[in-house]
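Given below, in the form of structure tokens, are the structures.
Both of the next two complexes hold chain A, though its partner changes from chain B to chain C.
So, the complex of A and B:
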């Protein structure tokens, strides 16, 4: 995010604290949350930081209310965020769907723990990849980002706000417990050097404004209460006027616009890292903390003469399938390393077929180590 | 009767025309014949009119159910949210935009069952929001199931042998949870209801108003409660006539009647102001 030449301020920061600082730098001025391990430091830091910029922090009565409150604040025109972990993320799903259909920008931080249910609150996992994609009911698209370092938490939190604003959508940041609690040096950019995006506001005459009419970019301009537009916002399927409709032709049109909204913008939304993929015969696909073990494994494998490479999606939804196909061209084997029983690997199999793909998985509350991946590479050789 | 009604309505600053507060292009509306919700909405618009509220600054936040659909008809900023959650959305909206008049329209199921937790915490927090809860004792939109306010022994589609559960007194609940303004009224007393809503909106802090509404088509029919006029008149006779203005009426012959009027009013600090002033002074001190 920060341009190379700009001044930065080196700080040792914990992942969850970096997330809070980045949110404020990205323009977040409203936070509502509910205490939950291992995300609580996000809320604690926001309660300190927001008053400094005349923002508002509130600890709500539950996870559901927190999600509702950030949507309410965002519909009022204020950039908003909440943070949670698996069980809370489950509770937020209904209102998250409201954010999708009503096209309300907001950012949801999910510092993942082991599950299902209460699971292992203090142990790391990456179990919410599919919940983030499909947790709310009905066909929908959503943007989900998974950072792999504390610096990247900072960068990607800013980017999450920008994407939410630009595309009028909830954006989920899937942080794992390791990254959330890890302390690393972050070169915090000067806030003035950040590219901060604000949503497109309605600027036509009130009688000409159609709240859900979009141009070529497929993203409608939003109206702020008090600006004279007097808009209706609903979770019911609505036409361009914002009012509910059940007319099949209209429903088909507006639903497809919503489902295809990200298509023209994949260059902006997609984000991935590649390491030694060009000649890779063994391609590891991994994200979050697991990808850092994968980086180590690739290096060790290369030292041992094995052509290994890493494809790391940073934006995991929508999945960067074209880039993966390209990266996997020479690969005889694809190993998907993740702290779950195989979630993103389902998507990798969908894109590359099942023959080449296998998983390196841990579901025991321990992070994947480079050795785990090296073992898996060795087993197939 | 009609004449009297007209003269009462012209007592405001400008002549009150409910249609000027509604999105007329959405008519005909979806309410069943005889439903009390329309009367409540009229009273709310009348109150807004007499208070001279700017339509651009009114935000109506509603949930799911018959009550939830009312907001769409109001020519204001209207937010039709999820089931039971309008107070959560309203809390975010009001904190982010203290300049808006945030009014929640909710129902007995929306507010007391699925949204009960949000109600008690909204009362405790005392943010400047007005919550108008329409109590028709039933889930009307879904076909007439039992709700937390369904009177005992009444029939619904999920109490085929009569309701065996106890009912909530929502006003007592709101008061106990800390709401700084609590009131109740029946729809047939429309000018009185309007005055109550005026006081509620004008009140600085969380105001809760229970409107006893009627679901004639589903609930009334199922329980032989008569047609709409009969239902709303019987509601009136079941209420204590008037404790509005501090008059407490003892009604020994109607022990089951609920009190109406302003039931609680206190000047407890409004939460948004408390938060902002506390944060401003901590900033100064830092």
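So, the complex of A and C:
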């Protein structure tokens, strides 16, 4: 049909649709969710794509059940995903914690809208940064990724599945409403050309298998259902056998393994973009749609002779602190641009100290514009 | 892992422009934007298309924006539009700072009674009346596409027609192509 389009493989694709296509390309074969604006197109597209690849789509009774279903599917050996927005993400937190402690690979898409509560369904926000980090209770680590374009939604959705599989962890993709609903011209890669990672399956003798015993990489191998291994899975703190324990020495050991699990892998997990940071006196730190505004603002500021730069974390949790310290070396001022009242800026302050850091914030349901950032750069000069 | 930053881009060249299609919900503005996006990307351009609408299927302010250029724009949302369509008075702002200097603003004579004023050119055309003349007021959005392409020289007519055929329901193809042609005529008659 579309000759010009198929030749270059270019198509105009919406962020939410790109997410669904990438999920299937990454091997996702199970989706459970409860549709909610502005994420509903992810569910809609999954319901169309999964049947084509013998996958399963379930519209669940609510978000809590959806989260439970994708954990169950993943424990059953299938890559799984759910998508939601703020109110639904709140509901998923308890089961998300189960995914963390039971080390169940899965991907949660949160297309952020104005909050708290039902807030503004169709308006953009980036208010779930801290919830994604700390929404479920107890000390824990989690991987959170925030893409800034439709093509990056595709890339990072694939990457989210790969990280979830490689490190046996839930991975959250934080998309803002603007990027979720934005249509951009993208070149969708041939799924066969993608690097797709599958989890490490147990291959020891069945009587030697200990479900939560990890080697140097700190990631235990999973038992594939049907391979004859006996596995017990629980949300209670468990030892390497998978059964609950409250023995202080054991609890300390297994908890620390879980908390430090990502440490040897930060080179793979950390992901960021830098623009003109080397000599930057004003460094903008931003992510998602706000980083697109920052990109424009940095170039405009440079044209005006101001040494501005951009540090854009793509993986926002764990936060790429080492890279930020390096990027901020010459900066006299750090501006954190985000559509909330100041969330990632808390982390930037933790890393760089409070003296240099201030925020460029909007909480009125409108995206931050390049002009907003230019104004903020000008105010401190 | 560090990813390469996008290359620096020059300031807006004539090859980069912004379009805003505005009116009320149900007027087909999202479809018009989709057709535009299709045509521009078929010509090898990069398109970023965003929209804003209220949670009703008809009525309420509806808006679709396109940022068109040669590669991924730094900022994908419209900030100063070069071409604007207004199909309903609802979409007229007293002081609209989003309309760029020298922009072309096409408005409907029947549905926009109080046009916006500013440092831009307003062209009032009987878009909805022409659609009614074709037997279906709902193709005013496609008449408008014809007028915008004709007056703004936005893209090749052939590519536009192909995009229309690909985006509208089959049984309405002829009507929509006719509407597009009538829109072109509105502006060619005006200039002769």
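Quick note on the criterion: the second predicted complex is superposed on the first by the 373 of 381 C-alpha atoms of A that agree within 3 Å, B and C clash if a C-alpha of one lies under 4 Å from a C-alpha of the other, contacts with A are read in each partner's own complex, and residues count from 1 in each chain.
In the analysis below, a residue touches a chain if its C-beta (ideal position, glycine included) is under 8 Å from a C-beta of that chain, and two chains touch if they have at least 3 such contacts.
If you're wondering where the values come from, they're calculated on a predicted model, not measured in any experiment.
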{"item": "First (chain B), second (chain C), both or neither touched by A:87", "value": "neither"}
{"item": "Touching partner for A:181 - first (chain B), second (chain C), both, neither", "value": "second"}
{"item": "Which of chain B and chain C A:296 touches, first, second, both or neither", "value": "second"}
{"item": "Chain B versus chain C as contact partner of A:56, first or second or both or neither", "value": "first"}
{"item": "Touched partner set for A:191, first chain B, second chain C, both or neither", "value": "neither"}
{"item": "Contacts on chain A seen with chain B and repeated with chain C across the two complexes", "value": "none"}
{"item": "In the complex with chain C, residue positions of chain A that touch it", "value": "1-2, 4-5, 8, 10-12, 121-122, 149, 151, 178, 181-185, 267-268, 270-276, 289, 292-293, 295-296, 299, 302-303, 310, 314, 323, 367, 369-371"}
{"item": "Residues on chain C engaged by chain A in the complex (per definition of touch)", "value": "1-6, 8-9, 11, 34, 37-38, 41-55, 72-77, 79, 159, 166"}
{"item": "Contact set on chain A toward chain B in their complex", "value": "29-30, 32, 51-52, 54, 56, 58, 60-62, 64-78, 80, 94-95, 98, 225-236, 243-244"}
{"item": "Residue numbers on chain B that touch chain A, as the complex places them", "value": "23, 26, 55-57, 59, 61, 71-72, 75-82, 85, 87-97, 99-100, 117-118, 120-121, 275, 279, 282-283"}
